[in-house]
Each structure stands twice: as structure tokens, then as C-alpha cells.
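Naming follows writing order (A, B, C, D, E and F), and every chain is counted from residue 1.
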Amino acid sequence: MGQGYVLTEMTWPEVKEALETVRLAVIPLGAHEQHGPHMTESCDAVLAERMGRLLVAELHPLALLTPTVSMGVSSHHLHFPGTISLEPDTLIAVLRDMLRSLQGHGISKFLVLNAHGGNQATLGVAADKLTRELGVEFYYAKTTAAAKDVMDESIASKPYGHSCEREVSEALYLAPELVREAQLEPGAIQPPGRWSRLRPGNPLQGFYYYEEMTANGCIGDATRASRELGERLVRTALQRLAQAVRDVLDS
Amino acid sequence: MGQGYVLTEMTWPEVKEALETVRLAVIPLGAHEQHGPHMTESCDAVLAERMGRLLVAELHPLALLTPTVSMGVSSHHLHFPGTISLEPDTLIAVLRDMLRSLQGHGISKFLVLNAHGGNQATLGVAADKLTRELGVEFYYAKTTAAAKDVMDESIASKPYGHSCEREVSEALYLAPELVREAQLEPGAIQPPGRWSRLRPGNPLQGFYYYEEMTANGCIGDATRASRELGERLVRTALQRLAQAVRDVLDS
Amino acid sequence: MGQGYVLTEMTWPEVKEALETVRLAVIPLGAHEQHGPHMTESCDAVLAERMGRLLVAELHPLALLTPTVSMGVSSHHLHFPGTISLEPDTLIAVLRDMLRSLQGHGISKFLVLNAHGGNQATLGVAADKLTRELGVEFYYAKTTAAAKDVMDESIASKPYGHSCEREVSEALYLAPELVREAQLEPGAIQPPGRWSRLRPGNPLQGFYYYEEMTANGCIGDATRASRELGERLVRTALQRLAQAVRDVLDS
Amino acid sequence: MGQGYVLTEMTWPEVKEALETVRLAVIPLGAHEQHGPHMTESCDAVLAERMGRLLVAELHPLALLTPTVSMGVSSHHLHFPGTISLEPDTLIAVLRDMLRSLQGHGISKFLVLNAHGGNQATLGVAADKLTRELGVEFYYAKTTAAAKDVMDESIASKPYGHSCEREVSEALYLAPELVREAQLEPGAIQPPGRWSRLRPGNPLQGFYYYEEMTANGCIGDATRASRELGERLVRTALQRLAQAVRDVLDS
Amino acid sequence: MGQGYVLTEMTWPEVKEALETVRLAVIPLGAHEQHGPHMTESCDAVLAERMGRLLVAELHPLALLTPTVSMGVSSHHLHFPGTISLEPDTLIAVLRDMLRSLQGHGISKFLVLNAHGGNQATLGVAADKLTRELGVEFYYAKTTAAAKDVMDESIASKPYGHSCEREVSEALYLAPELVREAQLEPGAIQPPGRWSRLRPGNPLQGFYYYEEMTANGCIGDATRASRELGERLVRTALQRLAQAVRDVLDS
Amino acid sequence: MGQGYVLTEMTWPEVKEALETVRLAVIPLGAHEQHGPHMTESCDAVLAERMGRLLVAELHPLALLTPTVSMGVSSHHLHFPGTISLEPDTLIAVLRDMLRSLQGHGISKFLVLNAHGGNQATLGVAADKLTRELGVEFYYAKTTAAAKDVMDESIASKPYGHSCEREVSEALYLAPELVREAQLEPGAIQPPGRWSRLRPGNPLQGFYYYEEMTANGCIGDATRASRELGERLVRTALQRLAQAVRDVLDS
């Protein structure tokens, strides 16, 4: 890490020079929300930023990492102590202001690198609105979703999805300080109910609070996580993301 | 059709009586957008309403069909003549006003029955906002997505997705007046480019206009559509949706 | 009916061709609200659309009918079962999005054909805002107000104004399925009170709920309605509206 | 003048005492806009305030006069030098803040006394929104519209409507400093055109700028104005308004 | 007073002529709020307007006085009878509309002449937003803050700040009708508490209601006020303000 | 550092336990903006967070540190490469969402610890709005403004204010990685002009871009900075801030 352009660590003359080659700004987007008893609440923000650092290093000198948007849309988690959630409109306003500021510096292509599933619908709306409103190219990606096939074949505990085998593995590789290894627990899933009828793959979708689904806030079995799996997911996704970015920059 | 409660066709004393048993309002949501040379632009609105009539009949006397929201978020299609698109915020405002009005009549559970994929991200945001803001239960569903397995096994022309084998089949069963049978054409897909790198399953997501992807506005082969396939998709989805609604009403 | 351009029933290539002559979009605007025991709640939306079809036929090939805005500002009626009301800001947002979309297709003149008195103040504000904001020509008209003189001389039951001799007559001509002929009742007017001091012609204006004024939701005597009167009102208004549109298109 | 409660001229202990009897706040609403070569641009604001002083004196000790809202919706006049126009949303926001502040002091009934026709549509929307949002009684009235019959029989120059026989007469009685008597001119009406097809009584309504209609900004013949006519209009309207207010306070 | 351009007292042809030399609009901004037992609630609005008249006379023919914004952000005073407060967003909306209207008349430089401290934060935000949004020069000034040194050396009763020696002195010179000379009282300061820890110069800032700090609504000793001090403050500030305006117009 | 409650580094069960004693949330607020050639652009965000860590440690177990708001209102700096600025409304929206989320966890007192002067006006408005809207206690403080007297007596290079002797000194103590010691430069102040007439202490205030005032983006002489001065400023301010917080918590 370190050889990519990281805006928070640069002076303005350094930025000025970097802008001669930069064609894309990468915006790490996280969340501040409960991650069960074994991960700290900044988990998504830290993972997005670490992944972002790797990505801009990979794309150097074409990309620049912006400050991290460290809170996101976490309304499902609001009943767990400490969770802070932005309204979808607030998140879009933050992104709009960032894009407009960076447009002023000559950047017109943006990738929101998102570590939190709860932000995806808002990003879909943001892509629609901001592309047309500002005349920019707006891309977004879940940090390691590009390695979905590796997840499908490697993750033993299903379903997974929050502070789980996948997420803890990624943290063990990217930011082990996020993990309380002594507290690792499997998800304490609640009996089927309204929540289970709204899970992906069911006819209906809808809003439910996380405690309806899991007593400890986890979905999946974090005790099966490993640094090795994390490394594989991160490295695979990173290569694919970098290639995908190069492709759209060229197209 | 006809034995369900359809609000547009009722007087207020009839509504008053219906409200003694009604526990859910079904809101048909469509779009007004191009559907290639062989479907009329109201396609999604009409299909949503027809499906909604079947669903409230199935659920009678527990459900009531509201007026159809006949325009939606169709920004991807704006460059094709005739398309009209609501901003995501406008669509949410319309839904909010409908829910608040109906809450005043004692209804607190809502299902938006959506026929247009471009509305889904906005509905995700709406579910998050309106559930918490109004204290209601807010569900949403794509009209026939509950029959995804039938689509996977029955549809020959892939990828499909817009004015295609699936959609024309559904229309032939539900509303054949939407189809110009003499004009049926397969999608005129453009060469791979930026658009193809942003299709589902790729690492990046982002906004693109439909004409980048298809010259005639279609994705899939409408010439393979049949009323029989439409009937199977609609009937399968309908049974599953109705059961899913009963389940959440009971839970 | 049918020889005018009706956007909901056209494919995009057909719209493209129509746009070569079209100079005005006609937007039918209704409401979803109680109309007493003898009219269904979609009354205003259906009448606006039917009238719109006649008008674009009359103006063919200069005009095109957009999808109907089927809900409007009906706050006065919210205490009657089934009424759904949009906030004035929501209605303006819907109109703005429609106008902007249609501007993209080359149309810059618009006529909102409104069947519901409760929308008029909002349309006045919309005309002011949208004309200046979008640089369009924005016209609006009550569907049959152009035949005010015929109403004054032909309508026997006064005051009239809601689900009354006039409105039921128009429905009997344009859309008889809206009328429950067996249930026709005169308005059940309440004793004079705050509401009567706020009726048109009094020094003060202000908001009141409809049930303060009429127990069954009607103002006027629907039992005196006739298809003949409806035809005369509609045909007179239609000729005058069409001429008025031609005049502003020429000026 | 002077024996009514005028908030701008009171200290807080005086207001506190007045609130023991006050049941209605009267809000004068004007405009800042051109009034031709013979009236100053604050005309509507000054007339509303003067009329308001008379009205609260008449209603003493039941009513209290608030500060004047001295600018309104004057978009039609924006092309004449000096005109300042508030957006409709801004005017509603100002009224909302005034009502909420005064609700905190125990007042729940409000009369907007409006001297400018261009504000009426916005007041209609405000009445609808603010009544329901704040739970208040919201009334509005044009300052001398209650004397419409007197106008119809006494005003010689028709049509009238802006800086005309009526308005100059009222000013000569209420605030003669607004009038440049040496500059009095009849309206310099433009040839018929789009504007004349949108005047009241025509099938279509719509927005047009005042200079399309009148070269000097006036409609009507100010040279026929008299203090006597002004006095009659003002005194008649005042008595009727005061009675109407007493009636709604009692109902 | 009187030889400056005062928009409220001009006709449009007079404004048209004035605009040939005018380079700056001066917007008086006040408040409607309690000023203790010895000043009327319109105090700030009246002082701002009087000061504005003097300033445009001083700057004649370069400046023009707009209508006074007579209410401002007075939330701290809302618990005293009669206070009316605008939300900060409402005040900014009013200013935006004024600036946009006046831009249409060719003015691009604005000075908000503010008599009320509670408006300052909002004006800071307005300066930031409106400058960039409208491309104007936006200046603001407290009416007599330019004479801060004279205050420091001449005012005996400290702390001062509301309906005090300074403010009553200014009123005795500019608008003696605002003062109830028989009721003059020193501020009835409350015992130290949360409010005193939030006064200027303390580590923390924050919102508190005025009655926490002063029982009669005054800060400072109005009994020591004099017309002479008022004249000195006003005349000193006026000269400095006028010079400062000339300097920025020249730079 | 480390013995205070830092929300980003805690799990939800740890937060739950902490909430038993916590009475105040400290929200670090920074900016992302140019700090001349010798400080990185995240300077204000990092200093706010470091200072926040010290403060919650000092107040332990009464206070909890929230995630840092790392971008703020930096419009003055937008023309220097890399600066990102939030609109004032966006910053208020972010703070509102944070406060509402934390209210749900039982916290009702908040201190925004702000390292950037450009945020102060927005915080003034936020304090006014959010206090009344949410019913919370909302405090804000510049990080080291409580040591103003130490600055006045210790700082040699005046004026100072941005990436200067004071700020670099604080960074050398709190976060030396922000400083490029080899690049330290005094401010490259521009000749007097419009900007100098708008500096604090002048009669007029208004918006100007930073490059009008300083070519390298600095105000003050960073070459005179020292870790010792930074330590004194930070430690003095910290003790005073902590005491001020304890005082308001007790009052």
C-alpha cells in the first residue's frame, strides 16, 4: 500500500501534479453499524478504505482515493447500540457535493467503492440522479462482490452476509484490528417469521430490523473465517475490479 | 377478474364497507417508456394493473387495489421518443401521499406491485424511508419475479429483459392489446462496449442509456413469445405472491 | 375516438413519426376522491382522460395525449373512505417531470386538462413556476368550464359542484360506467356554519372538510342529470377549447 | 386608526396582556411590483397594512395585526424595473414560520389580508397545506373584494385590475402618498394576442408577462379614480370583512 | 433623509432611470422580537430601514434601498409574547428571491444591512451559498458594528447587547417612537447557569432561550441611553460603512 | 490516548455497556481542503479526531467519541486542487442524522468539536435548528479556541489563521504526519484588495476565494511553528473544554 494517490495524505501542489494523469476518483463508502460481538462498528468504513488504497495503487497513476464516507444507510441496524445511519437523501447529498467539488478539479469519472449492502439501493438511485444532473460517469461496486464465485465455492457457512465467515476473513487480511478474535460467534438466527419471508429469493421484499433476524447481529459463522480466505477474496476481487475500471476508462 | 376490491370502481359507501375486512392495499406501479417497435409505451402500467386485479381477487376480501401509478423511473429510456420518467424523489412522494391518505382510512400494510425493473432501487429506498417515517409495513414485488425458476427453464432467448419473450408473453395473456404482433422483433443488440461492462454480474454497476445497448429498445427475442408461457408465468407468480402475502399478514 | 395521438397506446416508432406534427401535449389530470354514493372514486380521472381523447382527436395531428395523472389534490375529501390526495408539491413534481421528459422529445407547449376544482390553485402555482423554470408554455383548463354559460342556463339545481347534475350528466355521456344510476341522490347539505361562510362569493376564503358541508359528499342534485345535458356541455366545451388551443398555437 | 392591536408597535408585556382577548391574527400581505407610472412599487404592501390597521381596530380587542409581508408572488411583473418577486414556496415558508411562532403565543386562527391578486393561487395552496400541517384555521381575503358589487356598479373604466380606477381610488383614501397624481394615465393596452386569450373568462389559463398586455403596466383608467370611490370601497369591504370574521369566530 | 433611492417609494419609470447609475442594492434586515418592556417589537426592522435610508443617501446615486426584510431569525426570543421567527432556510429563500429579481434588473452587488445579531450565522451561510449559486457579490454588515470602538469606550453598562444602552441610544436618534421612555429598565439578568457558560468568550457555544438569561428580555442598562450616544454611533458607523462600500465597489 | 470511549473501535455489546455512564457524544468535525504546500488536505479532520480522543479520555466515562465528519464547508478553498466542500445544508443533514441515531441510543447532549473556521456559521445555524427540531442540547467549539489568550501572547506571526504557526504547531504535537517539515513556508499574502476589506474587524463581511488573499494558501508563518507551542495550546484548550463540558453537564 502507499504507492497510489491518497487525497487525504497529499498537499495541494501534490494533488495538482497528480491531476495530470488521474482519470478516476475512487470514493470509499462504508457504514457505522453493529457487526456483532466480534467486530467493531467502523468495520465497513475501514474495509472500504483499505480496499480503496489497494485499488488506487493497482490503477496508479490513473486513480485517486478520496476521503472515506464513513457512515451510510444502516437503518436496519438502528436498534443495536451505537449504530449511526444516514438518510438516503443525506448520503446522496454528500456524494453530490464530493462529485461537484472534484469536477471543479477536472475529474469526471467516479467509482464508489462500497463495503455495505444497505447502501446499494441508494447508490442505484444516486447513479441515476447524479449521472444526469452533473453529466459525470458514476460507477459503483461492492468491495469484493467481483469474487462472488470464490465466495460461493469457498464459504462453508450459509447463509452468510453480516459479520460472517466472509466479512471477518476479509478483515483478518485487510484490517485485523477490527476483529475481536476471542469473541467470534456464529450468527444467533431467530426462528422463521416475517423477516425470513422477506429474505432475497422470496416473492416479497420489504424492510425489517436486524434483531428480528439475528439476536447477536450476525448472519453466518464467523468462527470459520480465515486470513487466507480473506486474502483470496480481496486479491481476486481487486484484480477483477481493476480490470473492469481499465475497461470502462478505455471504452 | 372483478370480484376483488378495485378502488377506482367503488363509491365511498362501498369502500367503507370493504374496509371492514381489508388489511392490505395493493399499489400497481408501472412506467411509461418505450418497449421497442412491438409494444405500446403504457405496457408496464397496464401489466401491473392487470396483475393487481388478479391478486386482489385472489386475496379477497383481504386486499384492495389502489389507482395505478402509471409512470415510474425510466431515465435509461429517455432518449427513445415518448418515454416519460419521474425522478426517484417524485415517485417516493407519490407513494408517501398514497400511504398517508390510506392510513387515514385505517390501512397500514401496503404492497407495491411493480412491473418495471428501473423502479426497484427507488422502491428499496422508499421501503427504508416510508416504513420508518409512517410506521407502516411496506412490501414490494416485481409482478412475476416469483416465477423466476419458470423463466429460467422456459425462456429460450437469453439474455432477456425488456419487451422480450417474457414480457410479450405476459402481455399476450394479460393484455394482448399492448402487442403489435405484426411487428415482433428480436432485440437489436449493439456491439459490446461500456454498457456490456455494466450489465448484471459484472464487477461495476452504473448508469447507461438504453440505446447504447439496443438499437430497437428490446433485450431478448419477442418473436418467441407465447400466450401459454405468459399464462404459466402469471399464474405461477400469482399463486406464490398471494401465498407470500397471506404469510406476512399472518406473521 | 381513437383518431388522435394517444401516447399510452403508441410504440416509440409511432411516437417518433407523430412528433413531426405535434405541437402540444395534453395532460389529463383527475383526482381519486369520493363522489357520493352514486359515482365511483376515479370519476375525475376518467372524465379528464375521455375529454382528452376527444380533444386530441379534434386537434389532430397537432396534439398528443399523455398518460393521465389520476390522483390530484383532494385534501377536502380525505375524511370520506377511499379518497387519496397528493400534496400540492407532489403534483407539481409529477408535472415537472412529465414536462421535462417531453421537452426532451421536442414538445414545448402543454395543456393540463383538469377535471377537479381542487387542483386549480396548485395549477396556478405550477403555471407560474414551471413556465419560468423550464421555459415552456403551460396552459391549463377545467374540462368543461368553457361551457359555463350553458351550465348557467341549463342546470336547474343550484348550487352545484360535486357529483351533481353537471358532473353526472357529463359522465352519462362520456363514461356511464362511473355512475350508479340506481343510487342517484341529491346532495345532503348540512346546516349553514363555518363552511357556508367560506363558499365562493363570501368575503373570506379558507379550508374546510367536505363533510362539514354535505353528509353524502354531493353538492347539487344528481337526480336531474341527463346524458343530453352532458353531451351539450362536453361538445360545447370541446369546440371552444379546441379553438382556444388553435388560437394560442397561432399567436 | 390606532386603537387596534398592532404588533409592530407593542412591547412584549403589552402583547402579553393583549393575548388575553385576542383570538385572530391578521397578516397583511402585499407585493413589491410595478404599478405603472403613477403609483409607487410598495403600493400593495402599504394598502394591505392600512386596511389591516382598520380591520383590527374594527375587531378590537379580538384581533392583532402582525408585521406586513411586504413582498409576494409578482412573477408576471418581473420585466418591469424594480419588481421583486418571491417564489410561491418562499411565501408559504414565511407564512408557515409566522403561524408557528404565533401558535406558540396561543393564537390558532389567522387571516391573511391580501392586496395582490398574484398571491391568490399561492394562498389557496397555503390554506390547504398549513391548515392540515399545523392544525390551525387559515383564512384569506382580498382586501376589498368583499365590495365587488360596489366595484361593478361604480367603476366606469373596464376592464380594470392593476393600478387602475379601483386601486388608485383606494390609495387616495388609504395612502395618498402612493399616488403620483400628476402622472395619472390610463392603461396602455397592447393589441390582442396570446395574453388576451388567457384573460379570465377564456377557456384557457396560463402564465404571461404583464408587458405583453400593457405597455405602461396598468389595466384600467386611473385618471377616473377618486378618493370618494376609494372610501366607499374600503368602508364597505371593511364592514363586511369584520362581520365575516366575527361570524367564523363564532361558528 | 430622502435624497437616496428608496425602491418602495419609486415608480417603475423612476427605477428605470435610477438603474443607470445604481451599482449596489442595500437590503435592510431586521427582526420581529421582544425588546424588553421599553422597546417595541419592530425595533430591529425599523432601525435597519432608517440606517439604510441614511446609507443610500450617503452613497447616492450608486445605491438603492430595497424593501425591508422585517422578520429574521429570532428563535432565542420565541418564548416572549409576540416574537415571530423565520427559519434560517426561509430567510435565505427570501434573500435568494430578492437577489434573483434584482439581478434581472441589472444589479449584481448586494449589501444586507442587518440590525439583529441572531441573523449573523444565517447571513454567513447565505453569503457562502448565494455568492456561488447566483454569481453575485454578497456583503453583509451589522448596522453600527463599524463603530465598535466607540461603543467600547462610550458604553458604561456592560455587558450590553439587547434593548440596552447602545440600542436604545440608536433608537432615540433614529426612531424615538420605538422607545417607551417611561418604562426604561436595566436588564434583569438571571443567576449564572448554563446560559452564562455559553456566552461569547467561553469555550462552548450553543443555543439557549433568552429567558434563561434575562427575566425582562434586556441585556445592558437602557436607563443610561442617550440620543447623543446614538447619534455618535450611527454617524460614525455610517461614514465607515459608506467608505467601505465605496472601496469594494472600486476594487 | 485510548482510555476514552471511541465508537469506531467498539462492538455493540461494548457500546451498550458504555451507554450506562455516557451523557455526551463528541462529534469531531474537520474539512478536506488545501493547507498550503506543507500540510496534507485531511489536516482539520485528523486534528479534530485526535483532539476528540483526548477530550473523551479526559471526560471518561461521561463521553463517547463518534465517527469523524471528515469533510466540511470549504467553499473558500475550492479553487485549490483537491479541496472537497459540503454544502451547508448537507453538513446539517449529516449532523441531524447522527443526532437522531444517537438519540435512539439514549444520548441527548452533543458537542461538535470543530477544527475548521469555515464550519462555524453553519454550526450556528445547526445549533438553532437542531436544538429545537430534535429537543437536544447541541454545543459546538473550535478545537483550541479556548486557548485564545495563549495564542495571542505566544504566536509571533500575525495575522495567522490557516496552515500557520498555530495550526502547524498543533499538528506537530497531535499528528506530525500531517506536516511536510521540509516544505514549510510563510503565507504568500496578496496585495490588499477586495479580500482585505472583508477580513474580520472591517465594516463589511462577505465571501471571497482564498487565492485572492494568499497565493500558496497559507495565512501566517508556518516556519515559526513548534511542537512545544502546539502542546501548550492543545493542553490548555483541552483542560478548559473538559471543564466547560463538566459545567454544562452539571447545570
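Assorted remarks:
As a working rule, a contact is a pair of C-beta atoms (placed from the backbone, for glycine too) under 8 Å apart; a residue touches a chain by one contact, two chains touch by 3 or more.
Fair warning: this is a prediction, and the values are worked out from it, not measured in the lab.
Here the chain-to-chain distance from subunit B to subunit E, counted in touching steps, is 3. For the pairs E-F and B-C, the larger set of C-beta contacts lies at B-C.
Here the CA centre of subunit C is 29 Å from the CA centre of subunit D.
Mean C-alpha position of subunit A lies 57 Å from that of subunit D.
The multi-chain contact residues of subunit C, meaning those touching 2 or more other chains, are 87, 89.
Taken pairwise by the contact criterion, the protein chains form one closed cycle in which every chain touches exactly two others.
Taken in ring order from subunit A, whose neighbour in the chosen direction is subunit B, the chains follow as A, B, C, D, E, F. For subunit D in complex with subunit E, the residues that touch the partner chain are 7-13, 15-16, 19, 32, 34-42, 45, 66-68, 70-71, 78-87, 89-90, 93-94, 96-98, 101-102, 104-105, 180, 183, 217. By the touch rule above, subunit F contacts subunit E in their complex via residues 73, 75, 87-89, 111, 120-125, 127-129, 131-132, 137-141, 145-146, 193-194, 197-198, 202-207, 237, 240-241, 243-245, 247-248, 251.
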